[in-house]
Amino acid sequence: MSAISLDELNAADQQAFVEALGNIYEHAPWVAEAAARKRPFRTLAALTEALQEAVQAAPEAQQHALITGHPDLADRAVRLQTLTVDSRREQSRAGLDRLSDEEFERFQRLNEAYRARFKFPFIICVRRHTKDSILREFERRSHNDVTSERSAALREISRIAQLRLDQHVKGPDRLKVHGRISTHVLDTLNGRPAAGVAIELGIVCEVGMRQVIARAMTNADGRTDRPLIAEEPVPIGCYELRFAIGAYFAAQRLTLPDPAFLDVVLVRFSVAEAEGHYHVPLLTTPWSYTTYRGS
Amino acid sequence: MSAISLDELNAADQQAFVEALGNIYEHAPWVAEAAARKRPFRTLAALTEALQEAVQAAPEAQQHALITGHPDLADRAVRLQTLTVDSRREQSRAGLDRLSDEEFERFQRLNEAYRARFKFPFIICVRRHTKDSILREFERRSHNDVTSERSAALREISRIAQLRLDQHVKGPDRLKVHGRISTHVLDTLNGRPAAGVAIELGIVCEVGMRQVIARAMTNADGRTDRPLIAEEPVPIGCYELRFAIGAYFAAQRLTLPDPAFLDVVLVRFSVAEAEGHYHVPLLTTPWSYTTYRGS
Amino acid sequence: MSAISLDELNAADQQAFVEALGNIYEHAPWVAEAAARKRPFRTLAALTEALQEAVQAAPEAQQHALITGHPDLADRAVRLQTLTVDSRREQSRAGLDRLSDEEFERFQRLNEAYRARFKFPFIICVRRHTKDSILREFERRSHNDVTSERSAALREISRIAQLRLDQHVKGPDRLKVHGRISTHVLDTLNGRPAAGVAIELGIVCEVGMRQVIARAMTNADGRTDRPLIAEEPVPIGCYELRFAIGAYFAAQRLTLPDPAFLDVVLVRFSVAEAEGHYHVPLLTTPWSYTTYRGS
Amino acid sequence: MSAISLDELNAADQQAFVEALGNIYEHAPWVAEAAARKRPFRTLAALTEALQEAVQAAPEAQQHALITGHPDLADRAVRLQTLTVDSRREQSRAGLDRLSDEEFERFQRLNEAYRARFKFPFIICVRRHTKDSILREFERRSHNDVTSERSAALREISRIAQLRLDQHVKGPDRLKVHGRISTHVLDTLNGRPAAGVAIELGIVCEVGMRQVIARAMTNADGRTDRPLIAEEPVPIGCYELRFAIGAYFAAQRLTLPDPAFLDVVLVRFSVAEAEGHYHVPLLTTPWSYTTYRGS
C-alpha cells in the first residue's frame, strides 16, 4: 500500500477507494465503503471523522466483528501467519517480537484472562507504546467492565487507523498523531550553545535494561539537526537522555580534576502523551546542570 | 589492635610503643622504632611526620624491603595466607575479594608486568579507591620509571599508614584522611526543604553495574540525618545518587500526568579526591531540577 | 529598663515585679500585676502566656483602655511628648519618623478615618513591618468590623509585648519572635563557594527607592559571617539582594566581554512572616544564575 | 532619501548613483563617486567594501576632511542647524538630545579636550550605543594617540555608513548590522511555557535611572511575538528585564503567602556587541528562578 493523495481518493470509483483504504481498519473494508459515500473530503481530518462515524454507526455485531478481527497481541504463532503487513510492522517496533520467554508467558496469561472475560482480543495501538506501557495498560484495562472495554478497544482501533491513514494518504493537512523528543544543550560556563556534545536517547525498561533508540551530536546551535524522535508517535514509557558533557568540557582545556566531577549526564523522564512535544534542554557547566521540560 | 591514646604512646616504653604501632607500616616495626626516639608527640600530625621521616631517612635497601613486604593486590592465594588483618579488611572494601574471573586475570596480568618491570609489588591505598580507579592507577603507574614509581609506592604506604593511625590512635587532633558525600533536596515547587525523599547512593562500575552503598530518607530540613559517606576516605570513582522525587510529589496530590515526567532523578558524579567534601544538592519540581557541587 | 533574669523576676516582691514589667504593656501595669500572682514561671513562654491571659481576662473597658493608651502611629507632635522610650525606638526603625510630608498626610488621613470608625488608635507591631506593609495593613484593617479590629489590636499589643519581653527578660528559653535573612553564593563555574562577593541587602519601597540595610562580603564558604538580618523580626516587605558577581569573576582573569554579561545580580523577594527564615542562595557563572528560597 | 534597490543603483548613471548614496558618508559625495566606478555590485557586502576601499585609498587630507565634516556630538546649537537629517535621527535615539545640563557640560568638556588634542570632532556610531557607553568610549578614546584615533574615527564612520546603507538600499543580502534581545519564560511549576507574563525591557543608566524601551506579553509559547529589540543594533549598555511572574502565578489560584516570595523578577545584563543576539530566558516557579544567556 503506497501513498495516495486525498484528491485521488476523492476522484476514485467506489471500488478503488475501498481497495485503497480497505486495510486502514483491519479486515473491515465495510468501514471504507460506508465513508466512501460522504466524499469529497477536503481534509484528512474530515476523512478520519467519516471513517470513525461509520464505525460508530455500525450495529453492535459488526463492531464486535471489527474488534475480533484483530490479532492477539502476544500470540506469536498466530501472528506470523495471519497478521496484515501493517500489523506485523507495528508490533515489531514495541519489541513484541523480541519477548523473552518469561515476558511471552506473561502476555499469554494476560491474554487468556482478558479473552475469558471479554470474549475479544486485547487491542492497543502499539506504536504509541513501549513494552512496559502495554503491560501496564493490559493490566489496568483488564479491570474494566465489558462496555467500557469495548469503547476502549474501538478507541485504540481508531488510533491505529489514524496512524495508517497518516502514512498512506497525503492531504492538505496533517493528523495530530505524531509526537517529538528534542533537546538543546547550553554551555553556561561560556554563555553559548554547546556544540559537539554526543547524545544518546534510550528507552528504560522496568527490568532495568536500556535500549538505545537514537544517537546524535549537537550542532553549532546546541541542538540536534533533527529531533531525536519526530514524525511518529512517541511511545509512552520511560526514557533516558545521556549527554557526554565530560568529553565536551575536556576539549576546552580547562583545569578540571581527574576524573572530572561530571562525565555523562543522565536525564530520565517519562512520556505520558504519545502525541506530546517533549523538549528537554540541558544547561551545564563542569560542576552543575539544570534540566526541565521546555517548549 | 584496639585504640590507644597518644598520651599512652608517649608514656609507653620503647617496646610497647613499637608493639602498638608495629603494624602501621606493614611488616616494618623499624619505622616505629625510629619514630619512638622523637617522643613526646603533641599531635597525631607530629607522630605521622616522625614516621614518614623515619621512612625517608632509611637506606634504599630498607625502603625496598618495606615496599616488597606488601602483598600483591590481586594475588588471592597468597593473600588469604599472608595478609595482615588490616590489609585483608582494606582490600575487601574495594571489592578486590569479589573479582570476576576476568577481572582477576586482568589484575594478575597487570601485576606480572608490573613486577617484571619494577621488581616490587604494586602498592595502592585501596581504601581511597574503587575497583575501577585501582585499575586506572595500575595502568597509569605501569608507565612510570623506577624512581618515580618507588616514590609513588612510598606515598601510598604513607597513606595506608595514616589511615591505620587514624583508626588505632586517639589524639587531640584528627588527621585529614576522611572525605564526605552529602546531599540536600529543595522542593522549589513549594519553596521548602523536601522531606521524606528516598535516596540511594551507588558506585557505578565501568562494566555498567551499580552497587548501592547507602540508603537514606531526607529529614524535615531536606537533608539526611548523617552524610551518605563520612568518617572514611571516599573511594575515588564514579557515583550515582538516586532521588525518588516522583513518589515525593505524588504524595502531594498534584495534578500530574501518568506516568509523571520525573520519577527517579539520577545524578552521576565522580570523586577525584578521597578526602574531599562532595555536597551534591538537588533543587526540584515535578518538571525540572538543578544539581551542582555545593558546599 | 535593663535586662533582668526570669529567676530574679520570680524572686522579686510584687512591686518590683510590676516595676520591672510595667512597660511591657504600654501604660498598663495592671497586666503585670495580674500575671505576678501566677509565679513562679519556668520559661519565658509561660510568662508570656500568663500576661496574655491577664489581658484576655480583663473586662472590656480595661481592654479598651489598654488599646487607647497607645499612641497614634503617625501623630508626630503627640509622639515626641508622650511616647514611652520603647515606643519611640520601635517607630523609628520602620522609618515612621522620616515620613515625607505626603506620607505623613496619608497616615494622618488613615488615622483620622480609623479613629472615627473604631474610637481607638491603630495599633501595629511596627518592628515586624516596613513603612509599606504598615500602610497596606492600615488600609486592609480599616475595613474590619469593630470586634475583629479590637482582636487585631490586642494581637498586635501582644506581639509588641513579646518583643519587649524578649529584650528585657533573660530566661532558659527564647521566644519565637525573630526571623532571619541569609544567603550563600556558589560559583558553579569552578564548583566551589564564591568567596569575596560583595553583597547588599536593601528594602524596596513602593515609591521605588531602595534603602540599604546591610552590607557584607562572602567568606571562604560563600556565606556571610553573620546572617544579613537575625536576632530581630524581619520587617514584612519587599527586599532586594545585590551580588557583585561581575567584580568577583573579573578577579579570576577569565576572558569575558566588556562590559561583562552579568555585573550586579539583583534578587528581589518579599518577606511575609516576620519570624520566618529566608535563606536566598545564588548559584552563578558569568553567564547564568539560579536563586531560590532555600533552607 | 527613500529605499532604492541595488539593481537600480547598478543601472543608474554616475550622477544618480552619487546622489542616491551621497549622504551615506556625511558631506562626502566623493566616496560614492569613487565606488561608482566599480559597479556592478552583486551584493550589499560588495558595495560596502567598495565604499570602504574608496575611503582607505583617499589621501590623508581628504580623510581628515571626511572626519571634520562630522558634527560635534554634544554641540546642540550647531546640531540643530547643520546636521543632516540622518545624523539628527541617530543622535536622538541615544538620548543625546535629552541631556541634562550637567551631562551636556560633561560632553562639552570632553569634546573640547578631544578637539584640542586631535583637531577633529569625536565620532561614534551612536545607534550602537547608549549615553553611558558613549561616555565610556569618549573617555577611553581620549587617551589614544592621533594615528589610532584617526583609525577609530574612520571605523566609526564606516559603521555609520553601513547602517545607512542597510536602511536605504535593498539588495539580495543583509549587512550584519543588527542585533537582537529576546526572551522566553518557562513555568517549571507546571512544566509548560508561561503565557501572559508581562515583560518590560529597560536601559539602566549609571545615575540609576531606568528608561523602559519595550513592553510585551508572553504568548502561548512563553515567548514574545516579536523580539524585544530586533532589526537594529542593540545599543551597548546595561539592560534590565522585568518579568511580572507574581501576577502570573497569582492567576493560578495557588496557595501562596501574602506578599508572595517573588513578584517582579529583575534580570540585569549588559550588551557588549551591538550586533549580538541576546536571548535571556527565565525558568521560574513562585519560589525560584534561573536565567542565562541562551541561544
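A few remarks follow.
Labels A, B, C and D are assigned to the chains in the order they are written; within every chain, residues are numbered from 1.
As a convention for this text, contacts are C-beta pairs under 8 Å (C-beta built on N, C-alpha and C of every residue); 3 or more make two chains touch, one makes a residue touch a chain.
The model shown is predicted, which means the values in this text are computed figures rather than measured ones.
With contact taken as defined at the outset, chain A and chain D are each touched by B, C. Following the contact convention of this document, C, D is the list of chains adjacent to both chain A and chain B. Here the CA centre of chain C is 46 Å from the CA centre of chain D.
Chain A and chain C have Cα centroids lying 58 Å from one another.
Across the assembly, chain C contributes 188, 191, 261, 283, 287-288, 290, 292-293 as residues in contact with two or more other chains.
Across the interface of their complex, chain A is touched by residues 188-191, 261, 283, 285-288, 290 of chain C. Those residues of chain B that touch chain C in the shared complex are 184, 186, 188, 191-193, 221-222, 283, 290, 292-295. By the touch rule above, chain B contacts chain A in their complex via residues 236-238, 257-266, 268-270, 272-273, 287-293.
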